[in-house]
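Each of the next two complexes has chain A plus one other chain: chain B in the first, chain C in the second.
And then the complex of A and B:
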């Protein structure tokens, strides 16, 4: 019984990490309608910024956290301003924007390598200790915090998108940009803010993932692959759907490798993805569009 | 209006002209001038990507050796294979066809395997890999670098048997090199010993929690942590967090990373691994130059190879280069004594392997 419970908890922890990636990514997709792969690099870069501020410059941790989140937001804003906005002005297709995002991902990864080196980095705030034990299941306080925050994000997104004026504006642009423009919503403003908010969430993800895992220059790519799969499963463009998709993915993966070799983990993730694409292509909470 | 259009038309032509001038200038300044004949050696290594820590250490080692060789006519041209076969092939083609190098060294097994079929009789090719079949593809290929799996296993088994270990469980990342070490571990076991694969991971896995449950079920005397950079310390961390008391643990040369050891916060202390070595004098010089002590064995190998290329090789033509490489015997390097060896269809450099342990978060050589 405790083995099954431990697998469930492991799955929830993995799902919470994926959800931190998927939610920001999905928020950006919901308005911009292209796959922003560089979101993974924003997470990686922000984690390295936290490392630099806290472990190298020895700034106060809270201050380092705030600066890292501000940096993530700024990075997202600048990416949109300098690359995506310019491409949109030239009426670039979504495929071009996607290719540009892959280019930015590679550029940022190389920049991390140049600035911070290839060897792994650790933020080193938390001393490694035995986790807390409940009914034979181990979990660390940081992992509890990660799960808790991802659930707060889920609730936060729900209210933000449904109740706030800006959330409604984002939904309007997401639904039909031209009509939104007619009623006075600036789509460019919404695009910019979705990058700022989505990247701020990437900053939060960077802090929590950076405390939980080692930092490597390529960490953004692997995080993004799972975040992307979770967003598709949850319903691409639905931020709270992405969070649900992330938890589902984490749990199924961990139960899968509980009985199969771990090498099948990615295969399990993509099998779930294919199943959803075949049976419910709009994902768990996505809306089926009429042709 | 017309004027503006004409101006716009000139912009691309101007850009093309600048590019042509830069290229021609580069060709002219890179080797077209001067009376001193420079021999170029191509070095392909993962300078970015997941194994960049190794590739950069290797490159640093080559550069350090070359910087100490004041009057050298040997110039090294570095290319990044990004630990990717396609990148490695284009890097090799560029080095041979554009840079006109006299020999190529490539770091890594899958990338060397990708290059091997196109080597033919172009230039001597040193493939830094543990996989013997590669040398049968072309007579111009010589294998070098890394632990030879048999030497690694001999050292590790000797240690484990001295601790009366009978039952080994292995956590392994699915790459050719670690697969070879695992296969050799199994081959070298006695009838009363067992080597079991607990789990096999992808290269970018960072979550071992579910697999750690399988470790505790197995009641092993020793755990082989044959994981790659970034994964090693994560495994120790997650095992501790899940309350698992690990028995004796052993690893591969992926343990030779001070950043990995620091990340594990003391949990790697007592672990052993076998790898090639580096003299203290070299280590001190390297650390003072590059302010980094990770992957010292890879750096030392780059250094020794560059020393061989700088001092031993006759560069008359590709066959004399090949013969010079084959004549390397008892070369006194920073890794120990290096010699060329040939068995059946395999051609490779031999060098000593040492058993190392981690004590007080530092790497110590046991023998």
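And then the complex of A and C:
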């Protein structure tokens, strides 16, 4: 019994992180309408920035965290400004934007390799502790923090999208850009802000992962695939769907590696994605639309 | 020096097959395939494992194309009726999964240790053990691949492919089954990627998962975009230039740990710049919709 509970808890922790990745991605996708593959690189790069500020420069931890999140936001903003915005000006199709985002992903991943090297990095703020034990389940204080922070952030994000004027503008653009333009909402501004906010959420995800796991240059790509898979499972374009999908994916994945070697973790996400594409491509909460 | 040029020649041949086959899927049919390295890897592992277990090169070579095609078809089935985005995502994840399997399926692929001692091809009584003979074999296979792909593109079927890319709905109205057409094109594209992987495995004689990461996609994607969508001539030119370009770094004297990432940065920058300023590429005729 306790092993099943343990796997469930591990799944929820993984799901909390995936849900941050997925909701950031989902925000950018719903307004911009193309897959921003470089989202994964934003996560990896921010985690390395945190490592550099905190473990190399030995800055104050809170300051390092704030700077890393600001960096993530800025990176997203710059990508949009220098590449995507210019492409949109030339009326490039979503395919071109998508290929450009693959280019940016590879560019940033190589930059990480050159700047930080290929070896594994550890932030090492929290000493390895034995963890607390509840009903036979081990959980570290950091993991509890991860789940709580994610939930708070997701709730904040939800209210921002539902209640704030800006959130409404974003939803308007994602629903129908031309009509939104007519009522005076600047779509370029919304694109830009969705990159800033989406990337900031990615930055938070990067920090939580960086504290829990080791850093590798390709960590972002793997996370991004999980985030996208979660968004598709839940229903693409729906933020709750993305969160739901993320927790589902985290739990299934952890039950999977409870019985399979841990190297197959990425394959499990892919198989779930594959099954969903086959039988329910619109996701759990998505509305069926004809393409 | 001569050895070095032969090596570059073989490399160009292998990449050319890979780029031409990506062109068939991405350029001519408009399928956003980001999983080409996955098919390349499947080809390499299939061919290596079969020959290491005593099968002939010819059988292994053909099997590598067949298995790659099979995986491509399985991959396309769930995404075929959806928007191109889903295919992009599925194929990108596919590359990642193939890599994860190569790394973790120890009993089959020997994981990170890789497969050493892959035999050089033995075909029709000729043993292609020297690099020069291997170059000749590569040239023959590359030329054959080129001619087959060119023949496909120039045929009525090729026109239907381009019609599907440009306007799928209209093509369907004309009574063409575009789902099936996309399946053929994608499968064919993967066959050649598999062949290219087989050649690679038998040339290097040692494969490990690190040769098949997502990063390896960037050179071929850049080649296809720079050469121009739906242009075979552009693809050939771009392949030669892009393979030779990073070789100049070696002469400048960068350390080899820098050369790899530097090369990828240049490719990625080139890709983005071309998309921004010359989205049709240098010889391309069409823009991807």
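The definition used in the following text is that the second predicted complex is superposed on the first by the 274 of 291 C-alpha atoms of A that agree within 3 Å, B and C clash if a C-alpha of one lies under 4 Å from a C-alpha of the other, contacts with A are read in each partner's own complex, and residues count from 1 in each chain.
In the analysis below, a contact is a pair of C-beta atoms (placed from the backbone, for glycine too) under 8 Å apart; a residue touches a chain by one contact, two chains touch by 3 or more.
None of these values were measured; they are calculated from a predicted model.
Considered on the superposed chain A, chain B and chain C are sterically incompatible, since they clash. Contact with both chain B and chain C is seen for A:261 once the two complexes are overlaid on the shared chain. After overlaying the two complexes on the shared chain, residue contacts for A:92 are found with chain C alone; chain B is out of touch.
Legend: residue contacts after superposition of the two complexes on their common chain; A:34 is shown touching chain C, with no touch to chain B. In the superposed model, A:278 lies in contact with chain C only, and not with chain B. Once the two complexes are laid over each other on the shared chain, residue contacts for A:10 go to chain B alone; chain C is not touched. In the superposition on chain A, contact of A:138 is made with chain B only, not with chain C. In the superposition on chain A, the residues of chain A touched by chain B in one structure and by chain C in the other are 109-110, 113, 118, 218, 221-222, 261, 263, 265-266. The part of chain A that touches chain B in the complex is made up of residues 3, 6-7, 10, 13-14, 109-110, 113, 117-122, 124, 127-131, 133, 138, 140, 213-214, 216-219, 221-222, 254, 257-258, 261-263, 265-266. Those residues of chain C that touch chain A in the complex are listed here as 30, 32, 34, 77-79, 81-86, 88-90, 92-94, 96-97, 100-101, 103-104, 213-215, 217-218, 221-222, 225, 257-258, 260-262, 264-265, 267-269, 271-272, 275-276, 279, 287-289.
Taken together, the chain A residues at the contact with chain C in this complex read 34-35, 37, 83, 86-87, 90, 92-96, 98-100, 102-104, 106-107, 109-111, 113-114, 118, 218, 221-222, 225, 228-229, 232, 261, 263-267, 269-270, 273-274, 277-278, 281, 291.
Residues 48-50, 52-53, 55-56, 174, 199-202, 204-211, 213, 229-230, 233-234, 237, 240-243, 257-260, 262-265, 267, 292, 294 of chain B touch chain A in their complex.
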